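For reference, the structure discussed in these notes is given below.
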Amino acid sequence: MIADRAKPFVLPLVLVAAAEIAARASHLQSDTLAAPSEIAVALAASAVDGSLLVATRDTLLSAFAGLLIGAAIGLGAGLALGLVDILDRALEVTIEAIRPIPSVALLPIALIALGFGYRMEIAIVAFACVWPVLIFTRAAVRDVEPRLSEVARALRLTPWAKATKIVVPAALPRIFVAFRLAAGIALIVAVTVEIAVNPLGLGAAIMTAQQSLRPALMLALLVWIGLVGFALNAALVLAQRRLFGRFAPVEEPR
Amino acid sequence: MTAAVVVWRLISLAVAVAFVGLWQVVANAKLVSPVFLPGPDRAWAALVRGFAGGELWAKLVGTLQHMALGWLLASVVGIALGALIGSSRAMRAYVAPTLEFLRPLPASAVIPVAIALFGLTEAMALCVIAFGSIWPLLLATIHGFAAVEPRLYEVARALGLSRAAVIFKIALPSASPDIVAGMRLSLTVALILSVVCEMLAGLDGLGHWVLLSARAFRSADLFAGVILLGAIGYLTAQGMTAAERYVLKWRGQGH
Amino acid sequence: MNARTGGVAATASRGGQIAFAGVGIELGGKTIIENLSFAVSPGEFVCIVGASGCGKTTALRLAAGLYRPSRGTVSFSGAAMAGPRRDIAIVFQDYGKALLPWRTAAGNVALALEAAGVPSAQRAPRIDALLDKVGLPAHGAKYPSEMSGGMQQRLQIARCLAQEPAALLMDEPFGALDAMTRQGLQDEVLALVGASGATVIFVTHDLEEAIYLGDRVIGLLPHPGRIGLDLEVDLPRPRDQLATREHPEFLRLRRELFDFIRTSEA
């Protein structure tokens, strides 16, 4: 019998071992595939020569900058729409018209307006991150326990005091969930922009590896991007548990 | 009540129109270089011209095709795999953690690998779009099948339902809310990856159109393409909502 | 077949349609039922009562074939149970979980007919008749979420009747309903069962309900579950909510059961 704790690791180990055996048995010489051992060597090599770290830094820098800008806009707009009903109703059509635009469609606009580099990548990441934060924040603010709103009225709090002392703290756990989702989106969009056009970061590195026919490095970067995505998500889930305990909500508003 | 809804909808529409007007004013006053920002009049003209010439039609159809094919492939494979994994406790224990590990992987990162395998072809695009859009659907389907009320399986046993009947009459309908929610997310991902693949591989579609327009600084054409992509996103989402409402009407009013 | 080791011998000689012989079962490493033997005659209405933890629901699930005994045998019409059978229907307490929320009332009844391979052309009239029988004539197009608890439980009973069962097993079917709805359903179940001639095992924690409905009441002792009491209910039928409950025999039986439960819980 395999212990329950070990079960998650069986499939990946079997797959890696099978790939290694298949590569050795077929004396793999390919422009597209590489044995797991070669991938590991390539990953280690690019870590040692620093190129991996530079690319990771560039990608994360763009992703985080875009995330912060987008989340700030989303938070502000979400609070405003959640608190001021008139604003929410008046802007409904406008938001419905802009929100469905796929973020990558803005890539060419950002390209001609801002050129290659960090700025255009950050702008697109920010656009993509606005929406989840905006939608979650608006829903969270609306769903704040009505009893708390009555408390605010009974205490004769100013609108500003009500927002900062009652609404935001009450809605914070759900807003953080939005931030966590937005962080995942930020990394995805950053890598996508780099792969599509922008010559920096992990996305560009993996495209270069492919074009220079270095499959081991290409797959090593794919594995690395996967690890970065996993680590980012795990860290934010951990932070959410630490900050908000086991009451942290995980559901998404419709 | 309904009258108030209509009035607010009109006000909201007027606000949106006012924003378009503001955009026109900004463009006319050349507050932003017309190279980057065409007015809505020029974008509209480009849209009309593109459709009249038939060129935008072809691009629109191309993007819709990429998106639909990839999404359908992802749906079929995702639901089948998700059902297989979700309905077996052993499969869930062994396979689900690996899938959870892979989920945060940006789907676009497999594009170089797909290019290495298939070249800059339609097959490459189909693989990338299907691979990328399968994740939300697969994980939602697994969850849906894992969460089937155990009592219903007992009802099925007491009634002596066949294995096929248990899947199609009990498990699949029970998982349908999760599956539909997953398909909705998948559709969004499919549109994004269609655009990226068209840009990278130069495949016929709006992604290629907007990138070429940008390179040639034809900003009116560029905006026409972006507007169309927004329209696709909006209409497909609305379509999913309507389908969801129809398929899940048993859940009753509201949420 | 009916080797009995304890309890009242009144039923030992009867040929049982449903027969437990020396049945024991472990679930999750714990003995839930030990050495349980009793037999239920065709057409008999047997109620099972007992303190919580006495294994009454487990006994019912054994009778349904949903559990297999660790020791002894459960048999139906003389043959050992190999699993659930279509001619044994079970009504679960949690009707909200046992109905398909995505099917209408008619669709839920249809499920049983589909399982039995009834051609689709014949289903509609039978569904109408069944819904009519349980008092839901105009509700065929409604979804369970649009129905009250009492209506949902009626619907589950209709689905069970669609199996045309020789035996009907009911697990605290009215436990979650209010008192008025419960009394109405008690009388309806008596009428339906009387008309169909099905054998019934009815699990309840309501002692009066057990006496009111049953030909016989079996009291189980807890930890592990075993027979502690086996009472014949000699009350005239048809039963009546007022007259039956004021009958001296009813009060005597109630007293006896009440004392049994109190001592078994001590």
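Every chain is named by a letter (A, B and C) in the order it is written, and numbering of its residues begins at 1.
One rule holds for everything that comes next: a residue touches a chain if its C-beta (ideal position, glycine included) is under 8 Å from a C-beta of that chain, and two chains touch if they have at least 3 such contacts.
Keep in mind the model is a prediction, meaning the values are calculated, not measured.
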Going only through chains that touch each other, what is the minimum step count from chain A to chain C? 2
State which chain is most central when centres are taken as means of Cα atoms. B
Just list the two chains that share the greatest number of C-beta contact pairs. A-B
From chain B, which chain is the farthest off, judged by mean CA positions? C
Using the average of all C-alpha atoms in each chain as its centre, how far is it in Å between chain A and chain C? 55
In whole angstrom, how far does the Cα centroid of chain B sit from the Cα centroid of chain C? 50
Roughly how far is chain A from chain B, going centre to centre by Cα mean, in whole Å? 18
The answer for chain B against chain C in the complex is residues 149, 151-152, 154-155, 157-161, 165, 169-170, 173-174, 176, 248, 250-252
Name, in rising order, each residue of chain C that touches chain B in their complex. 64, 66, 83-86, 88-90, 92, 94, 97-98, 100-104, 111-112, 114-116, 143, 145-146, 163
Inside the complex, what are the residues of chain B that reach chain A? 8-9, 11-13, 15-16, 19, 35-36, 93-95, 97-98, 101-102, 104-113, 115-117, 188, 191-192, 195-196, 199-200, 206-207, 210-211, 213-215, 217, 219, 222-223, 225-226, 229-234, 237, 255
Chain B touches which residues of chain A in the complex? 4, 7-12, 31-32, 89-94, 96-98, 100-109, 111-113, 184, 187-188, 191-192, 195-197, 202-203, 206-207, 209-210, 215, 218-219, 221-222, 225-226, 229-230, 232-233, 254
